[in-house]
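So, here come the structures, one by one.
Look at the two complexes coming up: chain A is in both, with chain B in one and chain C in the other.
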Partner chain A sequence: MATTALAVSAPTRRAGVRRFLRRFTLSARVAAVVLLLYGLIALTGPLWAPYSPFATGSVPFGGGSWTHLFGTDILGRDVFSRVVYGTRNVLYLSLTSTLLALLVGGAIGLASGLVGGWVDELLMRAFETIISIPLLVLALLAIAAAGPKLAGSSLLLILVVLLVYAPRIARMARTVAVDLVTRDYVTVARARGESVASIVWRELTPNAAGVLLVEFGVRAGYAPILISSLGFLGFGAQPPSPEWGLMISENRVAIVTAPLSVLAPAGALAVLVISLNLVTDGVARVLGRSVTRTP
Partner chain B sequence: MNAAAARAAADPALVEVDGLTIDFWSNERWANVVNSVTFSLGRGEALGLVGESGCGKTTTALALLGFQRPGSRIRAGAIRFAGRDVARLSRRELQKLRGRRASLVPQNPATALSPGMRIGAQLIETMAVHRVGGSHRERERRALGLISQVRLPDPQRTAAKYPHQLSGGQQQRVVIAMALACDPELVVLDEPTTGLDVTTQAQILDLLRRLRDEVGMAMVYVTHNLGVVASICDRIGVMYAGDLVEDAPVAELFQAPRHPYTRGLIAAVPTIAAPHRNRAVTLRGLLRRDQLPPGCRFAPRCDFAEAACFEEPQTLLPVAERHAVACRRVDEIDRLAAGGDTADGAAPLRPAVAGDGLLDVIDLAVTYDRRARLSLARRPPTAIVRDITFDVRPRETFSLVGESGSGKSTIARTVGGLLRPLAGQLTFEGRDIAATVDSRSKKLRREIQLVLQNPDASLNPRQRVQEIVGRPLELFFGLRGKARRAEIEKLLEDVRLEGAFAGRYPDELSGGERQRVAIARALAARPKLMLCDEILSALDVSVQSDIVELLLALQDEHGLAYLFISHDLAVVRALSHRVGVLYLGELCEVGTAEQVYAPPYHPYTHMLLSAVPEIEGETVLSPAIRTDPGVASSRPQSACPFADRCPWKVGPVCDEIAPPWREAGGGHVLRCHLPLDELMRRAEDSALGVGAVEAVGADPSP
Partner chain C sequence: MILRLIAQRLAAAVATLLVVSALVFFFTSVLPGDIAERVLGHESTAQQRELFRERMHLDRPVYDRYASWVGGVFRGDFGRSLVSDETVTSTIASSARNTLFLSLFAFALYLPVTLVLATLGALFRGKPIDSLISVITLVGLSIPDFVLGTLLIFGFAVKLSLAPALSIVNPGDGFFTRLHETVLPAVTLMVAMAVYAIRMLRDNLIDVLDSEYVRMATLKGVPRWRVVFRHALPNAIGPALNVTALNLTYLIGGVVVVETVFSYPGLGKMLVDSISVRDVPVVEAAALLASGVYILANLAADVLAMLANPRLRTT
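Up next, the complex of A and B:
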């Protein structure tokens, strides 16, 4: 298959790409384009954003105009520039934290399913205990426990998301592993005396990749909400960071008089989350898997 | 049969299939699956459709009922059932046809029955849908009648049971009863005994034979097992790559097959009577759907093919009365084959090296009961296998045979270090081997290798062949880069695969090729002992015979010993030096293949052997099998585990006292209360075709 793929001429390959794209639903394709735009904004935003996100000086709560596209906020900062700068913040935080949770949770889950016995029991009961605590309560507990020194740092936010998501991902990975370990190739690998790490990496991970990919998509789709919620409550990013949740919180007093200052970050967040979910749905459909959403 | 024959004479054709051509949509184009198949089926006639997997036999048979897989189309041809074209019937008309006039017995009875509905209710439902039998009470009565007709015990109670309360064989009986509920004219059976044990299979076949006499329905029996069709059908259609290549009465087909493919297919079937087949006739190569020539589709694999064979499409032409063959050289083949036939005679097994044991198993017991590890367990754990004692010598094949649930695989897994024995001793080359893989030395792990049953699951679908075969090289010998690549190529050559396979993924390989890769992976560790757990059971006969040949060659080349696990007695005979027969976790007979397959038999061995449907000769079922309840309780209550099913049971002594091991000479031992000369006499009385022939030559004195 691989050799024939190299031999085909350029037009057929392009047709192959088109056929691959056609397998995704229209909504997934549109959402993917939107996500690409977000990525582009995050990467290049600072190069073309009209103002610094921290520059004050204009009239507070000024409405939308050609100089301030989305108006100004409570301190007279340009909302458009802050939303643009915030994209980088939100994307960086949610993607790194979800990726980390996927690596940690996935590895623990697969290994736990493979090893079985009391190790598996212990880990899963511990994870279930963590999962049983409501999301935000757990996050707030963790932030409170970390103390004021770390408050508002990116590291703390990433670790909090890790704590919240890793157990959920681990449970999913374990379910997959429990099924996979009964396969003959795993039995043969065991009889060969392969280590747990080797079996997890060589035999389980490639076969669990589809499920884990979908799981990553679902989690990544919720991470911006979690991070922004923390920001809104004042436990996430600290002022004057242009984090969207924090912006909504700061400007919410003017929701009637200058609605753009709240709607712009909220809209940016909503579009991001919806796009992430649509793309995940599309990928899941192509992989032939169902998506279970448990935030 | 008389009634059926009379009906057949009155109206010759119940089903007429005329030029049926079916395509499947796959990989963005139409692929031909059934190609212009033409046959007819008289009333009360039984036709067997045989061929290797993917030859279109099931598709053809299901088309008779108007079933069409989604994404398939009937490109040409017609299927006339009692004069009407099934393909043109409306949905409503089809519903009237199916179940009422033509019914289906599918392969897996477990999925054919509704799990939440009682047996009786399911039977009544079938009748109610088709308005058969006037009132509910009448249908109930008829359902009970059907249950007793398929020889299920105690109809009243069976009707009240749920499917999961029945064994696989009993479930299949219920499915057959359902198929017969509305007195159909045609029953299509799609591999109905494939998942069942030999003894259960023999019972179902016996049942079908008797039902045909009683009911007189026509049957289309789809199977890959030539032995099964030989015992049940009047006529056989052989299919290859969508073509019907030969259509002939059973006796004629087996005595004088005319098409080269049929000849090869029959030659490939291992039989108990003649285990070492003439390999010159064996089919070579594989069916490659993407490389079919425009002419005869079998030409690429045919020993008699000429240039013209590749060009001219072949059609079924009569060669004798009721015998048609699709081969343009049919008249020359007998003459051509006669020349080549003698070139390579039967190749018997090379005798094993006599010497010290490689693997010694003494009084082994294994349990899955987890509580066994806790000293606080109140009752002793139930052992899955008990008192297992045998040895495997270097360069020898020792086989364990028995029905499913007899503990064959459990023993292999324990030897392979995947299960911890409850009691007993395992020694390898005289040294005690540690219980499980974790505590075994690397050398030991390398020297004992495992090859498992299912070719679909034995290879990681996300790894290329080179990674699969290369891993043991890396792990055990630290080979990397070029050296590793060279070794992989050599291993693939060893298992007769081209080097190009190294870059492929398992889903690009056929079942036989996958099993070769699995063998190459085991071989990569340079083992001394290979544990082969049912490695042939999922493969087609022609592929099976290739792998058997490969195993024998590898044994010669690499000095391997095999512990071979199988339920197929014919295959075991073909490649084993010694055989152990296992019943419900206990060995009941051990000896060389010749000794075990000839009298005196253990009663269970006798039952197994007489249950195998064979091509040659009429299979005569001993009454033992007919009365066999077919439900083996998983835990023996009696001292002799076989006492419940034993046709030769002596009396209470079997239930109370464990039978003694009896020496039959030459290392042949069996475990029974009956003395050897009595077993000998009984075996001869039952005139079991296969064994009796050889008994004449064997020394009857114990």
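Up next, the complex of A and C:
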């Protein structure tokens, strides 16, 4: 399986990508462009953002104007610049943590389904137990346990997302693996005496790639919500970080006088998540897979 | 047969809950670092910390502390709050009642909205109304609940003055006053739950409407509404029950955020507040309670699915 995929020459692969894009729905294409824009803003934002995200000095909660596009926040900082800088934050944290969770959870889940027996039983029981603590409650507990020294650090947030996502992804990957291990090519690989790692990487991963990709999309679509919810509750990014959830919580008191200071980060967050979800739906449709989003 | 299966699941749920209690205890009490300093803060004096350690019995070994904590939990004794010095049980009781009220309210809104929109989407599949519902639900599941709550406050409390922005409840409030006070958080929770269920129920309904017995009924001349309500809906409801149970589990995390947005004095807000002030016994109790409800909701979903679908009973 893996060998045929690798043997495809470069021009045909490019044609494959083009065919893939052609089958993208219109909404998925628009969303993909929006995501590219977010990526561009994250990469180049600091070069052209009009103010530093931390620069105070203007009138607090000033309305939108040409000098301050989205007005100013509770400390007189430029909301537009803070939203731009925040993009970098949320994209980096969401994608890194989800990717890490996919690698860890996917590898453990596939290997567990392949090995079977008591190892599989034990791992799955452990993951089921972690999953039976509500996602947000577990995240809060982990952050509380980490203590004040780590509060708000990117590392802690990435680890927290890893902790809540990896068991869920592992459970899903294991279900896929249990179905795949009955196939002939796995039996053959086993008979050849290949190691577990080799079978997982060369036989299971290529065949589970579609499911894992869709799962990645669904999780990546929820990660910004989780991270900003933690920021909103005061357990995520700490002031003066330009994190969107934290900005919403700081400026909420002035929703009457300076609605833009809340609506700008809220809109940026919503559009990002909608685009992530639309692209995931588009990819899933091309791959012929259904997307199940559970609350 | 089925009773034995249910008993097995129940035993498994109790076992899970026991492990969860150990996890929760581990997270709050046993992690490295000086717990006394973590709870009291850097500014605390050595004497304060010593007093704290004595009160929390930190000199005793971990398994001993865990055993006495779990023993207390079985008797309904979660210890005393570090902040108010009242028993945790009495602290939690009124918050739990408030959360129950809010959850029931949200569920009462959720059921009709889900049924109506999913049926509409399935009946008019591919038509503008179906697309509209599909877009609305996708947007709905992309908007974080704290953003939705804030937007509802902006629209309905600030601009239209239809409902209070903060859900502050007084003990003497009547039923309808409380409904009015909690309408915005209830709607927020309802939307957050309904968007998933509508998508799922609509897809199931479409599958059932395409099935042969439904086509047979239509060919026999059964009126359209009767086909939908008597033949299709009951058969599509099984998987939707499952998502409803999942929604119940969402609700437990959801109330944490939504209650904070609306300053509603429920379990979720209590969990956030007690983590902020590091009131360890209250955090432990609230987290365990949340996990317990979560596990029970999943158990209920399994049992309901078994009752609805006899094929599941054999495994």
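As a working rule, the second predicted complex is superposed on the first by the 274 of 295 C-alpha atoms of A that agree within 3 Å, B and C clash if a C-alpha of one lies under 4 Å from a C-alpha of the other, contacts with A are read in each partner's own complex, and residues count from 1 in each chain.
Quick note on the criterion: a residue touches a chain if its C-beta (ideal position, glycine included) is under 8 Å from a C-beta of that chain, and two chains touch if they have at least 3 such contacts.
Fair warning: this is a prediction, and the values are worked out from it, not measured in the lab.
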Just from the overlay, do chain B and chain C fit on chain A, or is there a clash? fit
Between chain B and chain C, the one with more contact residues on chain A is chain C
Applying the touch criterion given at the start, work out whether A:A177 contacts chain B, chain C, both or neither, answering first, second, both or neither. neither
Touched partner set for A:A107, first chain B, second chain C, both or neither: neither
Here's one for you: vertex at chain A, rays to chain B and chain C, all C-alpha centres; what's the angle to the nearest 10 degrees? 90
Regarding the shared-chain residue A:N207, is it in contact with chain B (first), chain C (second), both, or neither? first
Going by the contact rule set out at the top, does A:L233 touch chain B (first), chain C (second), both, or neither? second
Is A:I274 touching the first partner chain B, the second partner chain C, both, or neither of them? second
Please state the minimum Cα-Cα separation between chain B and chain C in the superposed model, rounded to the nearest whole Å. 10
Which chain A residues qualify as touching chain B in the complex? 1-3, 19, 183-185, 187-194, 202-203, 206-207, 209
In the complex, chain B touches chain A at residues 28, 416-418, 437-438, 440, 442, 445, 448-454, 457-463, 467-468, 471-472, 475, 503-505, 508, 518, 521, 525
If you look only at chain C, which of its residues touch chain A in the complex? 16-17, 19-20, 23-24, 27-28, 31, 33, 38, 138-139, 141-147, 150-151, 153-154, 158, 192-193, 196, 199-200, 243, 246-247, 249-250, 252-254, 256-257, 260, 271-272, 275-276, 278, 283, 287, 290-291, 294-295, 298
Can you tell me which positions in chain A touch chain C when the two form their complex? 128-130, 132-137, 140-145, 147-148, 221, 225, 228-229, 232-235, 245, 248-249, 252, 255-256, 259, 262-263, 266, 269-270, 273-274, 276-278, 281, 292-295
